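Note sheet for the following structure.
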Amino acid sequence: MIKVAVLGATGMVGQRFIQLLANHEFFELSDLAASPRSAGKPYYKAAKWYLDSEIPENIKDMIVKEIDPKKIDAEVVFSALPSDVAKEVEPKFAEAGFIVASNASAYRMEEDVPLLIPEVNPEHLDLIEVQKKNRNWDGCIITNPNCTTIMAVLSLKPIYDNFGLEKVIITSMQALSGAGYSGVPSMAIVDNVIPFIKKEEEKVETEGLKILGKFDGERIVPAEFKVSASCNRVAVIDGHTEAIFVKTSKGATPEEIKKVMRDFEALPQKLKLPTAPEKPIIVREEEDRPQPRLDRDAGGGMSISVGRIRKDSIFDVKYITLGHNTIRGAAGASVLNAELLVKTKKI
Amino acid sequence: MIKVAVLGATGMVGQRFIQLLANHEFFELSDLAASPRSAGKPYYKAAKWYLDSEIPENIKDMIVKEIDPKKIDAEVVFSALPSDVAKEVEPKFAEAGFIVASNASAYRMEEDVPLLIPEVNPEHLDLIEVQKKNRNWDGCIITNPNCTTIMAVLSLKPIYDNFGLEKVIITSMQALSGAGYSGVPSMAIVDNVIPFIKKEEEKVETEGLKILGKFDGERIVPAEFKVSASCNRVAVIDGHTEAIFVKTSKGATPEEIKKVMRDFEALPQKLKLPTAPEKPIIVREEEDRPQPRLDRDAGGGMSISVGRIRKDSIFDVKYITLGHNTIRGAAGASVLNAELLVKTKKI
Amino acid sequence: MIKVAVLGATGMVGQRFIQLLANHEFFELSDLAASPRSAGKPYYKAAKWYLDSEIPENIKDMIVKEIDPKKIDAEVVFSALPSDVAKEVEPKFAEAGFIVASNASAYRMEEDVPLLIPEVNPEHLDLIEVQKKNRNWDGCIITNPNCTTIMAVLSLKPIYDNFGLEKVIITSMQALSGAGYSGVPSMAIVDNVIPFIKKEEEKVETEGLKILGKFDGERIVPAEFKVSASCNRVAVIDGHTEAIFVKTSKGATPEEIKKVMRDFEALPQKLKLPTAPEKPIIVREEEDRPQPRLDRDAGGGMSISVGRIRKDSIFDVKYITLGHNTIRGAAGASVLNAELLVKTKKI
Amino acid sequence: MIKVAVLGATGMVGQRFIQLLANHEFFELSDLAASPRSAGKPYYKAAKWYLDSEIPENIKDMIVKEIDPKKIDAEVVFSALPSDVAKEVEPKFAEAGFIVASNASAYRMEEDVPLLIPEVNPEHLDLIEVQKKNRNWDGCIITNPNCTTIMAVLSLKPIYDNFGLEKVIITSMQALSGAGYSGVPSMAIVDNVIPFIKKEEEKVETEGLKILGKFDGERIVPAEFKVSASCNRVAVIDGHTEAIFVKTSKGATPEEIKKVMRDFEALPQKLKLPTAPEKPIIVREEEDRPQPRLDRDAGGGMSISVGRIRKDSIFDVKYITLGHNTIRGAAGASVLNAELLVKTKKI
């Protein structure tokens, strides 16, 4: 068993980390850390638990520690920190020899930091060697993409591999949990849509190109298609829904797209990583699916569901993709990254 | 005063018609008609009034009639009928000499039927002469577009006129009222999005080309750009929100687009038609507007609000458009059509 | 294994029955029956599956049968039928020798029909003998209470046993699923409360007295306290919340009430019935719990959660009770009834 | 015209004050004040306007001032301050000679401060003389009750006058706006109910007794019936709904209760105060009204709507009352208080 800790353990993504790690096959959750406001308290007092299960028994009374490498007893730390805190703190952990599996955006686009979806670009893990050399670190930082990026890029991967990509237009309808527990006031969203999410479109438009890029031994050469996004908040608890319009390089019919999505196989499934869903992409044939309340928990929240794959009169195809934003799009993504690292690098 | 009647007076669009016509400058609401289930009853018993105002006093006790040209005393009938009923009934009214201002989709795409947005294509009214001749009718049918089409096409009009259009991609987040009072069960939409609306995308992809087409004296020559749509239902009472990506013919910057939208002037405003809003298009500069709950009632529900006009990396610009789907997108649209006809043709 | 069937298998309660019975320790789900519209179709085509899990694999292709005792191969039938259909059909099944475990209201208040909550009045099962004799049936009908009644009466049971009851005032905030999938239009409930549920208050005000009544060998002598209810619908998918004010006979403090609820033990738990939750009543100490989204699934949806137990200045105590209305309040209630019958009567 | 100012002008109640005062018959809105964060900015920059109308033109560019009696040019100040700030600041304004019409709870229960509903206890205004003498102030503080109290007590007033009151049990389902714009996170309330509102039940249980008490020339002798409340938050934007159970002193039938509510006349209506609704109490006969989305705006948000008046088996009657919590329950209440003072005391 490998000892792991969660940084930012009291927030919503932190709670999902705890849920996923409480009884993990590889990992033993040995420490929780959070802001000074929470440090020193037993976890059940520090966190307002918002999930519809109870706090795991073995976690409830753990004393929350400060976010300080010297106080944490673990090999891997999972970071659910806000971006500005992550920016400052994560390098300190990496320098101190920890593997940092981060959900924060702070280092995602750094040249020598892997931005991973284990089903999509596991080979980018090799960038760790470059990173360690560059920065003279004993540990390292690996990151997962933005939640909206993940649902899109995972669905695009088999298309990219088989038909190439030229243009991708994405309009998202994103869940409330993506903004954190207090992020969206109810007064702002009941009977409403907010057609804006700060810095989200920029992330969606750039991260995918890095993820689908090629590692040339030194750096990632980004993929060359174009992405444009329009991001919206809707009154849904969990589960991001995205309407995607795709122009491929070679041309592709809806049936061809369905086939390559259905046939899609990936490394985490072959390695039987504990958090890997049986099917990373579930293709649905109903005329009105996927829907967040019905499909977000597919594959334990780690599968994405794709539906309404149909011909597009301007590009080639259009479809709907959906996934659980705090599991596949955040905590589960980081845990899967760490599992991949453990299994392939034998740390 | 011109006598008018509402067909399909008990449903949601029917109620909006009554609200708009109860104290109208040109029109006197002389008759209400609805299905046999309602006929013969006083209106307040026949209709489950769902608006947040009371039934107008002068309407409450009117006896609902059958949908039969012989029983209706009016010059203009407003049709809020379901499409299949409209298909059968509207020609009978037109034949019997009524002007039918219809919100139904049944005849929108017929070659000799005007599909009107008074701010966009008032000259298409001349198609009435062709229609009357073709069909040997004393009356006529004029129609307004689908609610999602209207918010898009009204925003596209000044772009089309100034820069031309090549490609338009639209993802809608549509309100519940668009499906009728019982159209969307609450179990289907609370904490959810439904990424499908029956026959909606087809309407949005075709109607705009007719509306922006040219009347050549005989028929409408459709505009030649392409439209692709992905239509979604969200938990909003009234107000359709649409994320639009636009490729113009000549190229245009966000600032140029804002300017032509702001400067947009149209015939209904010049004619001071009673239902015409002061500004058909309101351009907003806040980073997170328009929003349905805050902006749907702008201009008495007859203005559309456009915001987040910004550069698009694939096409030229992307923006959000929003309007009240049962006022500007349905009953108000039909009433404005009839006002235009009255004022310009002096019926 | 005992063969069982579900009548009314396509609706929401029917789906919950299937979910609970698909892999049951005592029961083998051998037949599904529904209205003529569904009969003859494979289940996955007949039902619009609304739960956030998939249709169980072994059920998907079962052919739905007509609701006819001659066509059903089972010992026990679970009835999720609408009350008017149940009224006609359930006696036919009982006459034909089936045990009918019904969620319908049709026979709940009949003198010789047990109205059961297995944790509350398991001894009322003995009424079956009276019923069989009275009606000359080989089979029988056993029923579970209305969903709102259950959450109240289960919480009242330890109070009644220890302190007696004089007056109970209940205001409910009920979930949408209680009205069936299409029961509450979204237009009726988004940004709204409906302070009325047809025939609900009458049920809540009478059923509890029968359940807490005494079986004297011939009939149930109803309990003698008074119940008054005000029932409301709110925009919650599953989980009824109830504010309850209680006057006991002997007087009781909040601490005494908490203690008797915490110490409450019942027969289903002792018998380890498969659907019995470990704790039928969970007492919560947080100032703002129970809440439907967080607590409805406690004990697999079979526990009720009680919180905010506090002194009342008019009666003795007031508190909040909450439970899952389609599990503990419907399908799970019927299944638990049948399990009790099987285990105690050794059918 | 009397000059008035709003303290706490940027919050939700502050915005409602501005909406009500922008074109007032008696009052000229001459100053806005808010916290240091807002002071010095033009109003449209200081406030995130959340109402579905635009900021009034004459208000938009007003510079927000500090909350300091020396900086405010007005005769009356309306206070929408948080309770702790109000506690400190309001006496300074009163001392400096301002009439403070406060929506804050800080001074409501002080012995010499009138707690007013102008339709219910206008005679309590005379307490101002006692207050001025006690405190040696040139100005004074008058207050309006908590929003939940108002909807209950206004409905109880004609019952109290005609039949006396013994016991009142209230369960509220309260709107989100009552907690302020950021008070309830959407994650807390979508698909949920929160059965707790901090300090709310205490207010509801005490304020009504003071309001319905008698002024004996020196102090208010509180009314002697008992009130018990259970307060809940539901996913409604505006409009508190309350289920009320009432035991009168003399006994009363539902028909008698309806009659005295319908016949209820009060001073603000006789004086034709600008903000007084034509009917303070609207009695509805539909089986499922009042409902917040449909009835909150009745009488410009100043009428309460009462429905489902029916026999109660434990007390005498039970019914539903509903009103707009930020208009009748907050800003409108304070404005009406000030109007009453102006008209009757001729300030």
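Note that the chains take the letters A, B, C and D in the order they are written out, and that residue 1 is the start of every chain.
Just so it is clear, a residue touches a chain if its C-beta (ideal position, glycine included) is under 8 Å from a C-beta of that chain, and two chains touch if they have at least 3 such contacts.
Treat the numbers as computed from the prediction; the structure is a model and nothing was measured.
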item	value
Intersection of the contact lists for chain C and chain D	A, B
Furthest chain, CA centroid comparison against chain D	A
Gap in Å, rounded to a whole number, between the CA centres of chain B and chain A	42
Distance between chain centroids, defined by C-alpha means - chain B, chain C (Å)	47
Junction residues of chain A, two or more chains touched	50, 190-191, 235-237, 293-294
Complex interface listing, chain C residues touching chain B	12, 50, 176-177, 181-191, 235-237
Residues of chain C that touch chain A when the two form their complex	50-53, 190-191, 237, 293-297
Parts of chain D lying in touch with chain C, wherever the complex brings them together	167, 169, 171, 173, 190-196, 205, 226-228, 230, 232, 234-237, 241, 243, 245, 287-294, 307-308, 312-315, 318, 320
